[in-house]
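Please find one structure pasted underneath; my questions will follow.
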Amino acid sequence: MTALPLQTPEERVSYLNAGHTLRSWFLTTDHKRIAILYLVAITGFFAVAAVGAALIRLQLMTPTGELLSHEGYNRAFTLHGVVMVWFFLIPSIPNTFGNFLIPLMIGAKDLAFPRLNLASWYIFVGGGIFTLYALIAGGVDTGWTFYTPLSTMYANGHVLAVIAGITIAGFSSILTGLNFIVTVHKLRAPGMTWGRLPLFVWSHYATSVILVLATPVLAMTLILLFAERALRLAIFDPSIGGDPLLFQHLFWFYSHPAVYIMILPAMGVVSELVTAGARKRVFGYWFVACASLAIAGVGFLVWGHHMFVSGQSPYAGAIFSFLSLAVAVPSAVKVYNWTATLYKGEVVLDPPLLYGMAFVGLFTIGGLSGLMLALLAIDEHVHDTYFVVAHFHYIMVGGAVSGFLGAAHFWWPKITGRMYPLVWGRISAGLIFLGFNLTFFPQYLLGYLGMPRRYPTYPPEFQALNVLSSAGASVLFVAYVLPLVYFTWSLRNGRAAGANPWGASGLEWTTPSPPPKHNFEQIPVVDRPAYDYPLTRARGDE
Amino acid sequence: MSEYVTLREPYAARRQQSDADFLGMYVFLATEAMLFGALMCLTFLYRTQHPQASALAAQHMQLWIGAANTGILLTSSLFVALGVLAARHGQRRTTAGMLAGAMALGVVFLTLKGIEYGLDYRDGLMPVIGHPSPVRQGPAGLFIDLYFVATALHALHMIVGLVVLGTAATLVLRGAKRLPGQAVVVEMSGLYWHFVDVVWVFLFPIFYLARG
Amino acid sequence: MPRQALTLVGVWVALMALLATTIAATFGPFGAWKAAINLSVAFCKAGLIFWVFMHLREQRGIARVVALSFLLWLAILMGLTLADVLSR
Amino acid sequence: MNPFFQAWPPEASLHAVRVDQLFIAFSALTVLLTAPVFVLMSGFALYYRRGRDVDRTQAPRGNWRLETVWTIVPFLLALIFFGWAGWLFFDQGHPPTGALTIDVVAKQWMWKFEHPGGQREIDELHVPAGEPVRLVMTSQDVIHSLFLPALRLKQDVLPGRYTSVWFKAGLPGVYALRCSQFCGFDHSVMAGRFVVMTPADYSRWLQQAGTDGSLAWQGFQRFRALGCSGCHGPASTRRAPKLEGVFGHPVALDGGRVVIADEQYVRDSILYPAHDVAAGYAPIMPTFAGQVSETDLLALVAYVKSIGTAAPSQEAGR
């Protein structure tokens, strides 16, 4: 760290004080400001969805569920699922940290299409308002999966408004993905070859490919759903020979890769956290980079594992089972490489690395339980039970949300120019690991015992584990509020961070914190690989 | 072809900017292709499941209106392509004229489409609540409804395309976009229009010519 | 310019000829092959439009790959769903 | 048993035991693969933490051999388990001939079961132990899923289609029966009892349960009431395919295709007679869509099935 006296963020011109009017925020085309707009929006949506989660866990304290009616519970978990998936998890890391960091990391002034980037935020918020309207007006009772014919002919919630909102938000995803792809291809600084890209950029590139190619299929599926429900067209209507399984195929063609939209950016974050925490080049750079692309590619071939017991042909089931097991290989490669990166490092157990390690641990457990679900005979028992719920929460909360918080703890000083209290960061990381396991591990057991998901009431023999899970959720709640408190506190009271508080490599740390409006005083010229730390600098590199 | 391009933020070189514009538009059109492609896959899968019913339904389609519309769209694409060529040579008036020609053909397409929907209504293809039609019974109804969704969505894209071409033509004619430095606005509008044309090129055989 | 314009008109003539072919095939004695013929003609037409009208011939590798990437993904969607539908 | 806590779900069949074995084996593998990651990660983090004077020379940037090992070994392990699970799944995919067929109709929010003898029950399923039982299931409204945790079995129940599942329960007892596919308001109470009885108890139970004649007999009544027998009856002179000896055998269709006449084919032929017309017949039959309930359809299928095995057709010999 530098010994020079640090300027506070206010003393220096940066993107934050380049303008103070509302107009300068809401009509900005600066990727960094748009990232902040996204950060505010998705934090709001996270809070809304968390209310749904709280209602669910409170209801399940007792087998007879005293808090909500069945209808109320169905609406609560649909709210939780829809808002978490489309309005928090999918945009969480790419649209905030990806938006902020990709131009900085590759040495560009901005994304390729700055105005499109702003438009994408407005579209996202527009879709969110549609959805929130539907939720305030009474909610939806279909689950986030919208299976026909329940969603088209039987459900009586505000299905149309919600699917309209999701479709609109989908276009925002598409525009962001498009922007990232073109930016990575065309705006890399001189000398920033593909082999020198930070892994964060690689994983966002892979994510963008999924966003761009999968999201339109979801849009079409929801348009068809809309046509069937609103206009009474017959698209999947089984009473005249329509096939609800084709809806499921189209839905999961998007929704399974969507899981990788959530987890790949988090993997990119972890690659940064682990290397910076170990002060060492990542172990097996090309393996980790290619694993991202492999996950994005093979991830498109596995959607049928959501349909093993749906009436899909058992032969198709076998193909999907095999491919699902195959997609685990690149994930395993990543986990082992991260572990090996710490070997002979110069490790500092700051909050970012703790979050990174929490991610690796929880993702490993979640991923392996995913393999159980990919095994035909086990899935036949645990499909649509709490085992599945536990599995995807290990990936999405243990994985994606840990990645999101890790990113926040790592780049907060870069974004705001201020440090947060590290002790509290360590405490919250520990609490999250503890609370998370307490909440979701019992759900694996519940699932194997045979408790189906989406149940407002349940047989009494499941109570002990449900109470344990609800207790864990309260710990998790505290652990999520903590960062909100100390981050807010640090905005005024945190000490000035300086350009590179962690001593990390990467172009984003060469520019002041917070960065100036155009990112760099001068477009940098790159002549070194990513993660060029002294420990692993090859002789001759210097 | 990029030597005349007017540079804008955040680009440093003409070639880089032109490549980025085209790349961005191709990615966007790839997403549009996935959108319509999903619908076409679904139609094809239903056709595999219910071959007779689909053929039966296809025989109710207005083949000759569909064929005429295909010809009209292909011709409008030629106009747009000539417009782009003119724009790259800095010919303001020719560009606007060609785009106007393409738009006129687009309007003819939509008019014919409207007439066709009228005939479809007469033949009982449209879903009318409370009036079940014998044509729509059984799996044939699935095929017919997919036809409506696909063509309506395509028509919507046509309307967007008309707005896009109209805007480009106006900007060029009024000098708000200078040619050839900012010919990109014509190029990109043109790409969109051609793509909408390609979608129709597939909808035509999938729905009109699938009569078994 | 006239030569480039002639190329474009030439493509248009080819497109109209393909349109005539596909309609003729529909009324011809081709049985189950009709669908295959019509679809191939559609791919030819789309190919011409993509290559010439949509400037793919002027582009370098990556733009071409991107512009045609959707074909692979649609093949995946179609192929694996068909694997289910045909083997139920 | 403690009413608030259950340690392990009951195993009521050999299949359940085998699934549990697979599950436990994979859980062990999970521990085996997770432990090194947890141990090494925290070990490295502590041992190599900044300020400790340890050997950091020649810190590696990668290692091809190691990468190959941890790419291939997990893949091979996954392959072994793929085979194991696939074998169990496909073993469960083919019901033995002569299995006792019970029809299931699901609707929001109840289960209806119909035994071959015509006995009906709601939200309760009685089956004999030690005999293969096949469930043929359909839904009247949305998608449901029949979940029998004690057998480790589950199958979605679709509207407009028959799905089936088979099992051989071993241990008599009362087990849970649940719906596991979200189906709306009362999804969580669309549950019941799954009663496995000794064969003797089962036949006693069958006799006690009231019946209006066997399912096939009820189907025959519908066959006459709906006017099917006017064309398809043995004595009819109209040009309609005779149904004796059809079920379970290949049927040549108009256009050269051949299908096996299973439950789904019979059902579709009643509802959409214009499609899949048998070769050599004119498509003159009217549709019965919207006129027959799912229960009646299943009875009609049972009738066609009962006359299917009586007189084997010529094709059966080949």
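Here the chain labels run A, B, C and D in written order, and each chain numbers its own residues starting at 1.
Everything below uses one rule, namely that a residue touches a chain if its C-beta (ideal position, glycine included) is under 8 Å from a C-beta of that chain, and two chains touch if they have at least 3 such contacts.
In this text, all values refer to a predicted model and were calculated from it rather than measured experimentally.
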Intersection of the contact lists for chain A and chain D: B
Most extensive contact between chains (C-beta pair count): A-D
Inter-centroid spacing, chain D versus chain B (mean Cα positions, whole Å): 45
Cα-centroid distance, chain B relative to chain C, in whole angstrom: 15
Where chain A and chain B are represented by their mean Cα positions, the distance between them in whole Å: 35
Overlap residues in chain D, where contacts from two or more other chains coincide: 272, 275, 289
Touching two or more other chains - residues of chain B: 19, 23, 27, 30-31, 33-34, 38, 45, 49-50, 53, 137-139
Residues of chain C whose C-beta touches two or more other chains: 62, 66, 69-70, 73, 77, 81, 85-86
Chain-to-chain touches, reported pairwise for every pair that qualifies: A-B, A-C, A-D, B-C, B-D
Partner chain D, residues of chain B touching it in the complex: 50-53, 56, 137-139
Chain D to chain B touching residues, read off their complex: 254-255, 271-272, 274-276, 287, 289
Touch list for chain C against partner chain A, complex: 62, 66, 69-70, 73, 76-77, 80-81, 83-88
Residues of chain C that touch chain B when the two form their complex: 1, 4-5, 8-9, 11-12, 15-16, 19, 22-23, 26, 34-35, 38-39, 41-42, 45-46, 49-50, 52-55, 58-60, 62-63, 66-67, 69-70, 73-74, 77-78, 81-82, 85-86
Chain B residues within the chain A interface of the complex: 9-12, 16, 19-20, 23-24, 27-28, 30-36, 38-39, 42, 45-46, 49-50, 53, 127, 129, 136-139, 141-142, 145-146, 148-149, 153
